[in-house]
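Note that subunit A is present in both complexes that follow, paired respectively with subunit B and with subunit C.
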Partner chain A sequence: MSWTSNRTAILILKLSPLMLPFVVLFCGGVFLTVCQSLGLFTPLPHTGGLVDAYTVILSDPSFFASAGFSFGVALASAAGSVTAATFLAYRVWQLPKMMAGAALVYKIPLILPHIAVAFVVLVFWSQSGILASLAHALGLIQSMQEFPNVLFSGWGVGMILAYTLKGTPFAMLLILALLVRFDVRQIQTAAMLGASRSRIFFSIVMPRLAPALHTSFIILFLYSFGAFDIPYILSESRPGMLSLHVFDLYFKHDLARRPEAMAILTLMFGFAVLFIIAYSKTVTRLENGVRKL
Partner chain B sequence: MTLRSNLTCLLLILLMLFFNPFAQPARASGDPLPDTPFEQIREQARGTRVNWYMYGGWAHVNAWVDTFVAKEMKQRYDIDLKRVPMDAGVFVNKLLNEKAAEKKTGTIDLLWINGENFKNAKQAGLLFGPFAGRLPNVRQYVDPGSITHDFGFLVEGYEAPFGRAQFVFEYDTARTDTPPDTVAALKEWIMAHPGQFTYPQPPDFTGSAFVRHILYAVSGGHAPYMAGWDSDLYEKNAPRLWQWLNQIKPFLWQKGRTYPRDSAFLDTLFARGEVALGMSYHPPHAQNMIIEGSYPDTVRTFALKDGSIFNTHFTAIPFNAPNKAGAMVLADFLVSVDAQISKFQPENWGDFPVLDMKRLTLSDRQRFEAVDLGPATLTPEQLAKTAVPEIPAPFLEALEQDWKTHVLDQ
Partner chain C sequence: MKPSHPAAHILFLVLLFSLFALPAGILVLVGLAPGWRFPDLWPEQFSFAGIEFLITHREQIVSSLVSSFLYSLATVFVTLCMCLTPAAAFARQRFPGKRLLEALVLTPALVPPMTFAMGLHMVFIKLSLADTAAGVVLILALFSYPYMFRALVAGFQTMGEGYRVCARNLGAGNIAIFRQVELPLLVPAMIAGGSVVFLVAFSEYFLVFLMGGGNVPSFTGFLMPLLASSNRSLAAVLTLIFLLLPILLFFMLDWGLMRSYRKKGMI
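Entry: the complex of A and B
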């Protein structure tokens, strides 16, 4: 008994360089956020009740519009990234050895910061941007204004483009890591037995990639749901991403409204946790029904 | 976002704790007492360093501070000036965190601040003072009546004046012959030129100021608001403002479905010709942009005849400033005739002086009159004709919040 507790103590001690920042910074941050959302420890003395900030936010229809919009943008960009990454990674993996080196080009967006990718999208896709100029110069459109209004369509297309551009190589990285350990003979055998290319892809390759797909989907989804930099450049005013509402409340409004900013953050955090739990449960249930290779 | 913002704050605090003792050179010890003569404060500040936290988004202003101000501070007072670029909202939050952590010695000596940020900082007890009345240049050259309020909030000596700004519109003479210079004409113009006008989305500083101009114009001027927050008055007049803004909405850039996030975004739209009118809270902004090469030479500015809002911007000292004496010497220097003239020159910045011209010597006044503002900037006399004061902060806060409900989400 004492031997096990000793071991646990040693283990905790060894993990402390990792655990300490986590407990102090992350848990401390979440704790403070929740407290301030309830009006405790706020910069200005809070006069209302504990759940005032939540009442204000939850009675504002534009909050739900923003939440739904953020959800949609996150879903579209994560799904888009993972899908594109799966096909691209599969293709890259199939390339002959000589060309595999050149395919490393896919890693370039990985080293670009999010904000730079946002500017790339802005410069290329706006109605006075590079693509519009190109289309105009080629005579495809009569005036620049005829170029599709991609960035201000009301559907967050600009943000989805930027997130997909940034997320695809990230997902590719995870997927390729699994693919390199994949046994080619499984595919060869299937092909010899007469399986079609799509059959091979969906029945043999995909199930093996599932862990990487799920992990990258969750990471990309939650990142785009809460991140701030890309929306700051590319978001439209309405409905607007949640992170921008928080930014405005936090930095640009009266200090008395700090609890509202923190309440949105708390709700976002709660949603992220619930999402991960729900997603993992669904995946487990689905996979239990599937025969493993 | 939760994790990131809080992590950043905490990491910053940790970093400061680690690096502070090594990074700071000799510091003046002790806060200047209220009865210390200013000569003694200057003596105390000699050989120290002053960290000035200020908005860093204007390259020409940064350059002016790094060259002219830094050089003069070194020569005159042997003070090393370090400019730290930071948005006002961010340093107020930094100070709030330091206050909550009971950090007695901070890192910021002087702030460039006004309006809501000043109100937030003063209400939360983040400022040292009163100190403005102790600065010799403020006592000698500034009309005390002109610096009693900052956005309707009592200053009480907790900030020293630094410059003056007034709201102007920008247009390109090559594209627009006669710009609409009243609020009524502006509305007609917008409706006649669909897609060529927009304003930054409140709570952006500039967009929010644009909205206040319309409020003044549709509700009988600024006078009724000057007495401070009055909810009946607000409830009565705000709907007229929303009506005006919603009427022009279908004729705005992107049909009013979306607005530029900040004034820099609007500047870009104006520079690229997507919209025909720009706006700025800084009269020399257009001239600066011409000098920079961002705007064509043909850009000019105008102010609304119904009234164009002006405000004063200030410097303030945090409660935990490590070098309050040095900060006071810098704040005082910034109000000096030499600094105000240098700042007034458009190639440096073009920011308007806070000095009362009547209090200056004839030769100093002539120095101000000799400054060539450039063709795009209106003269102080032209601006003075239409100048109206800012609205008290509670109105501003209500307008920014309700604009979202009544205009954006409509």
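Entry: the complex of A and C
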């Protein structure tokens, strides 16, 4: 065996603990989802055509309502988390050393599971919740019914709140990891040259944080788009999140509708992949136009 | 150019606490006051009903906690085995298609886990992996390994090649270098990646429900029906346990690590 092919063999051997599960389980899992959406390998023999499930789904207006709703909830919560996290992390970074330890409380929602964060939102925002009591004590409302029905407004506000509460510390973690390596002298120089606070923040700090902002946005957006735990607790009746729709089709209906559940999953997967590609392409293009410091 | 006024900092800390720590504080109150109702701003009466529930159901609670803890730990171990050598290769070697491959192996953490887990479910049933702890660990590892991978690649990059070259010059073989030089230096990266993997696995509800099918007890599975029930006090008490256990674990880890480093004279 020649020297280079030997090296390649070693490299393949080194990569295999990761590549084997990736190919067999992950790619295999997605492949099986796609197959079942076409009616192949389903638990019940599928009698119709290959794309029957897709025809059913795509002719159902409630699918598009759910998809749009999931997209909206994901967009609002990811954008909210990243924006809040940017400002909070920047302020945490500016704290004097002796106070910085106390700022670690931001990690609490990171530890709480999603279902517990959903529960916290329930305790705070329901019409008989803590905030309603507070509003009553302040004389803003006289009875429970006067408190805005935040959780069942039909806009998914409860889910957005829960995802934002869970997502903000996550984004802060990524942003702070970049900030600790940030050179204070750049800010001091800018201040000496007369830059305003907002100008320093937007022209000097933000561009440096961009990689963390993009990464956290993609992760949070796609997670909220397709996850199940929080909608299971905070969902409203209609339109529902896509994941709940899939759950119902998979567990609550008869096996004949399995391909429909799988077709929705296939479409979600396709959307996620397209989103990642489109987002990274856009970011690269935008960044090529920006002068690096 | 930093805002110099201490009051501004204190005000900011108050904001931070009310956003992230107040919820936990309120949970303590909810847990201690089952009868706390609108419009009371402070509970009228405290009771230990929630704690009593803990004591009467301790066997179920402890068994689900232990089960969650063990499968999460197993997940950390599996992800570590999956990522150790590939991370070394990614951090040190150049090979064609590296960037594409790196992007590909990170996708399981990005795409909705339902999309591959539900496809696999049928195969797991056929292989009798469904409803077993092994199936749960496999699916959790598949979804969470990218965090371990990223942490280990960063760990190998920070370590650099210097230690390795030095040890080789002193006559150490590959295995000795790995065991005595690189592995100890990688511990912080393993803990960083492992903590995230542990938290992801420990707090996941759906994947455990799907692959465990009720046969694998889990704390999230135990908690879920209580969260939806009208008894908020119980749910609050159990959520607090959820918060305390990982914190305790991380403190112990941190303390143990510091001690072993001191012993070896590394700090």
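Quick notes on this one:
What we mean here is this: the second predicted complex is superposed on the first by the 286 of 293 C-alpha atoms of A that agree within 3 Å, B and C clash if a C-alpha of one lies under 4 Å from a C-alpha of the other, contacts with A are read in each partner's own complex, and residues count from 1 in each chain.
One rule holds in what follows: contacts are C-beta pairs under 8 Å (C-beta built on N, C-alpha and C of every residue); 3 or more make two chains touch, one makes a residue touch a chain.
Source: prediction; values computed, not measured.
When both complexes are overlaid on chain A, the residue A:V92 reaches subunit C alone and has no touch with subunit B. In the superposition on chain A, contact of A:V180 is made with neither subunit B nor subunit C. Using the contact criterion defined above for the overlaid structures, shared-chain residue A:L193 touches neither subunit B nor subunit C, since it reaches no partner.
In the overlay built on the shared chain, the residue A:V246 is in contact with subunit B and with subunit C. The larger set of touched subunit A residues comes from C, when the choice is between subunit B and subunit C.
Once the two complexes are laid over each other on the shared chain, residue contacts for A:F152 go to subunit B alone; subunit C is not touched.
In the superposition on chain A, A:H114 makes contact with subunit C only, while subunit B stays out of contact range. Judged by the touch definition given at the top, the superposed model places A:E236 against subunit B, while subunit C stays out of reach.
By the document's definition of touching, of the two partners only subunit B reaches A:S62; subunit C does not. On subunit A, the surface touched by subunit B in one complex and the surface touched by subunit C in the other have residues 25-26, 28-30, 32-33, 41, 43, 127-128, 226-228, 232, 243, 246, 250, 265-266, 268-269 in common.
By the touch criterion given at the top, residues 11, 13-15, 17-19, 21-22, 25-26, 28-36, 41, 43, 88, 91-92, 94-96, 99, 102-103, 105-116, 118-120, 122-124, 127-130, 132-134, 136-137, 144, 165, 168-169, 187-188, 190-191, 197, 200, 218-219, 222-223, 225-229, 232-233, 243, 246, 250, 261-262, 265-266, 268-269, 272-273, 276 of subunit A touch subunit C in their complex. On the subunit A side of its complex with subunit B, the touching residues are 24-26, 28-30, 32-33, 41, 43-44, 61-62, 65, 127-128, 149, 152, 154, 226-228, 232, 235-238, 243, 246, 248, 250-255, 265-266, 268-269. If you check the complex, the residues on subunit C that touch subunit A are 1-3, 6, 9-10, 12-13, 16-17, 19-21, 23-24, 26-27, 30, 37-41, 81-86, 88-89, 93, 95, 101, 104-105, 107-120, 122-123, 138, 141-142, 145, 149, 199, 202-206, 220, 223-224, 227-228, 232, 235-236, 239, 242-243, 246-247. Within the complex formed with subunit A, the subunit B residues making contact are 1-7, 9-11, 87, 89-90, 93, 96, 99-100, 116, 119-120, 123-124, 201, 203-204, 254, 257-259, 261, 272-274, 393, 397, 400-401, 404-405, 408-409.
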